[in-house]
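Once you scroll down, you'll see the structures, which are given as structure tokens.
Shared between the two complexes below is chain A, which pairs with chain B and chain C, respectively.
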Partner chain A sequence: MADFSLRKWLDGEQRLLDGERSAVLDTARPKPPQAVRRRQRHRGYLRRWRRFYAVLAVVTCLMLIVALAVTVLYLPRYGAVEDNPTLNGVVEYYLRRSAEETGAANFVAAVVFAYRAMDTFGEAVVIFAATAAVIYLLYITDRPVQLRPARAPKSPRNQILWQTVRLLFPYIAMYALYMICNGHTSPGGGFAGGAILGGGLILWDVALGEDRRETILSPERAVRAMVVCLGLYAVLKGVSFFAGANGMDWHLPTGAPGHILSGGLILPLNICVGVITAGCVITAYVLFTRAE
Partner chain B sequence: MILLEVILLAALIVCAAATVLSRKLLPSVVIFMAYSSIMAIAWIFMRSPDLAIAEAAIGAGVTTVLFIATLRRVNALKEGERDG
Partner chain C sequence: MEALLSMRYEITSVVLFSIGFMTLLLHPNLIKKIIGLNIMDTAVYLFLAASGYIDGGYAPVLRPGEDVVYINPLPSSLVLTGIVVSMSVTALLLALALRLYRKYNSLDLDVIVLLAKQGKE
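Up next is the complex of A and B:
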């Protein structure tokens, strides 16, 4: 029942949206007048309570705002070094030593992909879990939508969009690849670059037109690439952690900070995270627009 | 510079309020995109370009596209607005 009404609601059945005049609830069986009266009274209560809830919500929000504003008053001054309680030795250590220890000129990348690489693995797993949830909800159904890969649109209807995308996509992809592969020397990295790559793929997918059976990247392929990259990340970092914990001297050469081939494991990890992020973005878009 | 920051923060608050108070869903999404773009500039002022890039790509780009795709799915857009 719940599944049925959710399906109808997703298909745009407006009447199911407002619960009081629900088609599913009302057509159960004719009720005696007394029950009708009771129900009308109940509705009156509901309306009054709804107003009360609105007032309560506003009051709660105001209290939250005041609490947060008061907290902000007690924060240390922006950029202050002396009276900042969070500024312990770790920050100074990262700033002083990260370049020589990891070989990454961008010390944010050094923290994210070298010192705290296991946390980043958790983030990548979260992104993969989000994709898995989207696939579970929209793709694994009784009648899964049949998608076949396509490169160019067949219909000449949106030629302007298609030609624009054909012109733009190489530059978007190149910028995304630059951001991913240069993550250890300049701002950016796998997450941002992957999102840009996913955005470019979405643009291409939109330009394929109204044929809803064709897609630039099918969910199967995207998930396959994501799983490979997630496994690669796990193996690379697992070996690195295992070797480090057991005192073995196993690591990629760190190289000179600022060069493209530097930073040891950071570059391959960035590529893995970029593929995972792009796969999540494009899979979510394809299934949001295509699934029945 | 301080003046620009104050203007940015004021615009942030205005956009945040407008996102919630907007009656129609599509304008709400577009205002949220504007919020993300302003936030990206604010991150640059706070000297964190990494966050600025991520905010611009994810907040202004991907989130907006996914919101609009969702609105299309639940038929929340009117017929005239759909082919856009």
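Up next is the complex of A and C:
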């Protein structure tokens, strides 16, 4: 019975296995007695299997935790400088040279948007692919999908939420823009700022209320903006790579590290990535809540 | 014991990873499975970020004119990559769960499997 109470402790859904689930399964269509008996036998198997499965899962997790914890004890000490294989020549090169080579005061931004910019392009494509998959799953079906207008057409807008959001949204947007545009001089950057911007847009969309068909940013427009930014990223970085490989001296001035207009391509790339991330967040939200 | 204390971030991430894995295995609810996967992701980020720390190091933003030790910037950028990928995966999984819910009117994996079998009969 130990595993039973553990499961009960883990989730309060044990009664689903007996009550509501069987209601769901039995009302589906009337069954001849033989089928009912078979189903009951099957459910007995299922229950026994689930109990066995729970024990097995707990044992697996305990073994995993012990194995990983033992492994952790053989790792280099937390914060150690000597005998630490993660501190190799690459890290030293980045810390010594990246500020003068890229002009970005933020080493992480220099790594992500200058040295490994093509990898970051791949990340932006991953975000775009996820958005495309969400659109494919929820918005494009056999028949044209409408965004849902209203659950309660005459419901008044929630005034507390609306006034708060009206007060807060400019500051949220400002903070997001600050994070995007200051990604090369301070912690932050396109991904974080774009996520904040998307969150602000979601808040605005919630506060506007449900009694309207149009959204704050329709999926079509968001995807158009994302495609433009993805293309811009590809062109900017492609030109930079082409020029660099052929020894041409086409690059933006790197500027003084810490200045807002520094870091060469990092600022435009950050803006592109910010738009892509915000578009992904708001499109996913709109489709999760409105598409039907 | 001292070793355990000095590695507390890594140990925490191991425990978090197991919690997420257990959630993923034991909950029949699809949304909770997705939450468990996200907890596992978080554990990995904690582990990576902890592996980049250097004693007395500052955040990896240039401090002009100061001769200070910075922490390792590479794990931070890897965590950035990981967060982006996990966000995309979460969006995809939620969309799939929503489609399943619309078809079977349930997020319970057992019910979904049984209903799918019934439909096949």
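In this section, the second predicted complex is superposed on the first by the 236 of 292 C-alpha atoms of A that agree within 3 Å, B and C clash if a C-alpha of one lies under 4 Å from a C-alpha of the other, contacts with A are read in each partner's own complex, and residues count from 1 in each chain.
Please note the rule applied: a contact is a pair of C-beta atoms (placed from the backbone, for glycine too) under 8 Å apart; a residue touches a chain by one contact, two chains touch by 3 or more.
Since the structure is predicted, the reported quantities are computational estimates derived from the model, not experimental observations.
Peer 1: Should A:Val108 be classified as contacting the first partner (chain B), the second (chain C), both, or neither?
Peer 2: It touches chain B and chain C both.
Peer 1: First (chain B), second (chain C), both or neither: which does A:Phe191 touch?
Peer 2: Both chain B and chain C are touched by A:Phe191.
Peer 1: Which partner reaches more residues of chain A, chain B or chain C?
Peer 2: Touching more of chain A: C.
Peer 1: Of the two partner chains, chain B (first) and chain C (second), which one does A:Ile202 touch, if any: first, second, both, or neither?
Peer 2: A:Ile202 contacts chain B only, not chain C.
Peer 1: Per the contact definition in the header, classify A:Thr164: touching chain B only (first), chain C only (second), both, or neither.
Peer 2: neither
Peer 1: Looking at A:Leu46 after the superposition, I want to know if it touches chain B, chain C, both of them or none. Which is it: first, second, both, neither?
Peer 2: second
Peer 1: Check the residue A:Leu64 against both partner chains and state whether it touches chain B (first), chain C (second), both, or neither.
Peer 2: A:Leu64: touches chain C, not chain B.
Peer 1: Would you sort A:Ile127 into first (chain B), second (chain C), both or neither based on which partner it touches?
Peer 2: A:Ile127 contacts chain C only, not chain B.
Peer 1: Looking at the overlay, what does A:Thr289 touch: chain B (first), chain C (second), both, or neither?
Peer 2: First partner only, chain B.
Peer 1: Once the two structures are superposed, pull the chain A residues common to the chain B and chain C interfaces.
Peer 2: Common to the two interfaces on chain A: residues 10-11, 78, 106, 108, 187, 189, 191, 195, 284, 288.
Peer 1: Considering the complex alone, what residue numbers of chain A touch chain C?
Peer 2: Contact set of chain A toward chain C: 7, 10-11, 13, 16-17, 21, 24-25, 28, 46, 50, 53-54, 57-58, 60-62, 64-65, 68-69, 72-73, 75, 77-81, 86-87, 90-91, 94-95, 99, 105-108, 110-112, 116, 119-120, 123, 126-127, 129-131, 133-134, 137-138, 185-187, 189, 191, 195, 257-258, 277, 280, 284, 287-288.
Peer 1: Considering the complex alone, what residue numbers of chain B touch chain A?
Peer 2: Those in contact with chain A are residues 46, 49-50, 52-54, 57-58, 61-62, 65-66, 69-70, 72-75.
Peer 1: Considering only the defined contacts, which chain A positions touch chain B in the complex?
Peer 2: Within the complex, chain A touches chain B at residues 9-12, 78, 106, 108, 179, 187-189, 191-192, 195-196, 198-199, 202, 281, 284-285, 288-289.
Peer 1: What part of chain C is in contact with chain A in the complex they form?
Peer 2: 3-4, 6-11, 14-15, 17-18, 21-22, 25-29, 32, 50-55, 57, 59-62, 64, 70, 72-77, 80-81, 83-85, 87-89, 91-92, 94-96, 98-99, 105-106, 108, 110-111, 114-115, 118
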